[in-house]
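Below you'll find a set of structures to go through.
First subunit A sits with subunit B, and in the next complex the same chain sits with subunit C.
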Partner chain A sequence: MHLTLEFGGGLELLCDSVKIHNVDVELKKGLEKLTMKDLLAWVRTNLIKERPEMFMKGDTVRPGVLVLVNDCDWELSGQLETTLQEKDVVVFISTLHGG
Partner chain B sequence: MESNGDDAARIVAELETLKSAKSDIDSRIRALEAQLRDLNLQKPAVCANGSCHSGGSAVGSALAHGLSPDMIYRYSRHLLLSSFGVQGQSKLVKSSILVVGAGGLGAPALMYLAASGVGRLGIVDHDVVELNNMHRQVIHTEAFIGQPKVKSAAAACRSINSSIQVVEHQEALRTSNAIEIMSQYDIVVDATDNAPSRYMISDCCVVLGRPLVSGAALGLEGQLTVYNYNGGPCYRCLFPTPPPATACQRCSDNGVLGVVPGIVGCLQALEAIKIASAIGEPLSGRMLLLDALSARVRIVCYQLVKIRGKSIHCEVCGESTKFTKEQFKNFDYENFTQSPLSAAPLKLNLLSEESRISSSEFKEKVTKGEPYVLIDVRPGHHFKIVSLPNAMNIPLSTLEGRLPEISSALKEEEHRRSSESSESPIVGLYVMCRRGNDSQRAVQLLQSMGFPSAKDIVGGLEGWAREVDPDLPTY
Partner chain C sequence: MEEGNKIPKSASSRLCCRCNERKPALKRPKTLEQICRKCFYEVFEEEIHQVIVGNQLFKAGERVAIGASGGKDSTVLAYVMSELNRRHNYGLDLFLLSVDEGITGYRDDSLETVKRNEVQYGLPLKIVSYKELYGWTMDEIVKVIGLKNNCTFCGVFRRQALDRGAAYLKVDKLVTGHNADDIAETVLLNILRGDVARLSRCTSITTGEDGPIPRCKPFKYTYEKEIVMYAYFKKLDYFSTECIYSPNAYRGFAREFIKDLERIRPRAIVDIIKSGENFRISTSTKMPEQGTCERCGYISSQKWCKACVLLEGLNRGLPKLGIGRSRGLENGNGNRKDMEQNGDVRSIESKQCGSLDF
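Presenting the complex of A and B:
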């Protein structure tokens, strides 16, 4: 499944300072759909190069990270249970505090 | 050369005298301006410009919307906007807005809010103007370096628009004073620079029922949203659990391109003006994300699982919860977020005395000619700004993989020295960084990886500039 993943607010530093990743994620055998839970595990294994605790806590993102699926908060689509579609855009943004 | 020194001393003395005279005159001007404003407030508004119209019917009807002839002329371009007009401007001149923080975000926000004619504009800040603020905090001028930001910002706002009331709150916002200060205003603009302040301001806005225009900027990115507007979500609906303290980067550590908070601050002024004048659609339940480097602006939707827009589960504004003023006053925001309310730099103390050395002691060893290897563990782009002579740059993040380089540097120095004298020298290993925190982490790592004699230079380059060489540039 082809997806566009974007990292911002400093999270890109965890994946070689690259903000936009066009990726192909293969569905696990026997499964028909890809959920955000599957995607997070995939991101952690394949994209996060350092300090994974700055991205994830348990099987979800750490506090202070907004997850947007096609520009909408994943709270609106079911968080970890959100089912992804071909060509979806998933954005991970760390909230900023500076000023 | 000596006459040069005399000239310099004379110029410095004359500058001091002039600056002191200027400061006296400035404070006299401010006092007189304040007196005049008070007098004008007591008179009918139409007399403010000195051309007193004596109750003609045209003026009488013009006053129905509450705008004086002066205001009509000053804000004419606002009044010409059909979607804003006299209704918008009348609401704006009757409104009051509090800006918390007169820094990179607050600077442009305050200037535009003052210019637009917000009736009463409050400024909270406890900091003083510094030279390294100037590239982004465009409200301050060099003449105010060393003076409170509140004074500097208020003077700038008054010089833009002397017809509005500017209120100075020269103090840090705390749970003990937040309710009293924030309750005096209709709208709050969060232009602070740290996580605990953001939670505190949002909670206080919920307790007081005030809309909150929240902006943030760091590096080349900015974020903007409106909280607690008309039943909309609050900061805690979105971020119920604070991020780990290590995830909260600060402009003073990570840098910020001056214009980025400028853009976000301007957008904060815009949202505050829209709310005050009741026009348009505020950025509530949505967040604007600015990525300056790639020139991308994205507006995302975060309207939560909702009862009238709020998160049902929110501990502060949720349906079944009632966060009271008492609870607010007793809430420990620094403990909640595990980070301080002021953006003061961290001061770690990880090592024992014998693993540390002061800058002046280190300088003494260098002067005596003792052999040493100096590792500077700052990131490469910091090292390029300024570094000590003979320092090797091995950033902390790469240290573990580059230990062999340290071993060979030590061996090389030992070899070089032993060829100079018959005794076999002991080569010291010293580690420094910018302020003396990362160097302690590095020494801990080195000591655990076979370099037990590694020592941290206390206070880093900043300590060196303070104790040894005041001419060393700091940043």
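Presenting the complex of A and C:
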């Protein structure tokens, strides 16, 4: 599944300072859908080059990291249960820095 | 209608709870409402306007400096203040005031953002630097004191720097972008450190009215998440990196805890602030009295203000001066070991203040 992932608020530093990533995520065998939970695991393995604890805590994002799927708060679509479609845009923004 | 119970509701089948027309873009942590972008802008701006008016933060004709660091809070603050000033005719003369602490790789980049803000929002900018004011940059200070207590030095110096910048600009007030999350963290921090004096002051929306320049926090009830969402949707230009010295700060623990709390119960943040506002200090607790610093005339509860004590320490090669617990002579249980460690501090600091220097 082709997706566009964006990292902001300082998170890009964990991915070699690249803010936008166009990725192709393989679905798990036998599954038709890709959930945010799967995507997060994929991101941690494939995109996060350092300090994964800055991005994730357990199965989900670190508290203080906002997630938007197609410019909508993922809290509206079920957080980790959110299902993703082809060409979706997922944005991760960290709020954990000075103002 | 029964079928409706079997089909799972997706976000797209719900509409904004305010206008009932558009698709919701976010869930407000404060109210758990699902709200669309346009309505979000409206409630966000309106709530801040109500905080400003309800707390009578400004008077028409005042000159107001906005503490601007180039970060998310101060950028959104500058944007919203100029917008509301225009829309509701506050009649304020707005300025941007920035502090250059001399932290390479952090402050030099964020100052570029403020310079852009100056142009984008049409607000005149003044930058004051630690080097100019104190003769030391934070980088130089950290080389001398090591990686502990950095925030103590920086915070103390920054407060004075802002006051001096504000005096230079001849402004009547200073506004800062401290948000609800920050204030909740501060309440917790003060409880954890037993700092009763600060606990009683830290939730005030306006502070320092009896000092050189009063300062207020229009974002006191605004959630950090909403500030970031607002900036994201409006595509506001801000700089976002953690200060390189911050990983060692104690505040980090309070922040982690607050963020975990927010996840479980988002209202916890405003509730903590409310608890903080309702604390009443027992009259038998000894509280610091306010006077002036003998060396520089700044307000101080001790003989010398904190900035002077810290500077003296730096200039004399005593980086621990003003850091660490100082037990006063009133305290009968004066710890001998502590008094020896603090050595010279005894001669400069007089009254026991009741606060822990971290």
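The definition used in the following text is that the second predicted complex is superposed on the first by the 96 of 99 C-alpha atoms of A that agree within 3 Å, B and C clash if a C-alpha of one lies under 4 Å from a C-alpha of the other, contacts with A are read in each partner's own complex, and residues count from 1 in each chain.
Keep in mind that, in the parts below, a contact is a pair of C-beta atoms (placed from the backbone, for glycine too) under 8 Å apart; a residue touches a chain by one contact, two chains touch by 3 or more.
Bear in mind that the values here come from a model prediction, so they are computed numbers and not experimental data.
Of the two partner chains placed by superposition, subunit B and subunit C are both touched by A:Leu66.
With both structures placed on the common chain, the touch criterion links A:Ser77 to subunit C but leaves subunit B unconnected. Judged by the touch definition given at the top, the superposed model places A:Lys19 against subunit B, while subunit C stays out of reach. In the superposition on chain A, contact is made by A:Gly99 with both subunit B and subunit C.
Contacts of A:Gly8 after superposition: both subunit B and subunit C are touched. Touched by subunit B in one complex and by subunit C in the other are residues 8-10, 62-64, 66, 68, 71-73, 75-76, 91, 93-99 of subunit A.
In the complex of the two chains, the subunit A residues touching subunit B come out as 8-10, 19, 50, 53-54, 62-66, 68, 71-73, 75-76, 91, 93-99.
By the touch criterion given at the top, residues 101, 103-106, 191-195, 198, 215-219, 221-223, 238-244, 246-251, 254, 256, 261, 264, 287, 289, 291, 294, 298-305, 397 of subunit B touch subunit A in their complex.
Considering their complex, residues 8-10, 13, 62-64, 66, 68, 71-73, 75-78, 91, 93-99 of subunit A touch subunit C.
Subunit C contributes residues 10-11, 14, 23-27, 34, 69, 71-74, 177-179, 182, 224-225, 227-229, 232-233, 240-243, 246, 255-256, 259-260, 262-263 to its touches with subunit A in the complex.
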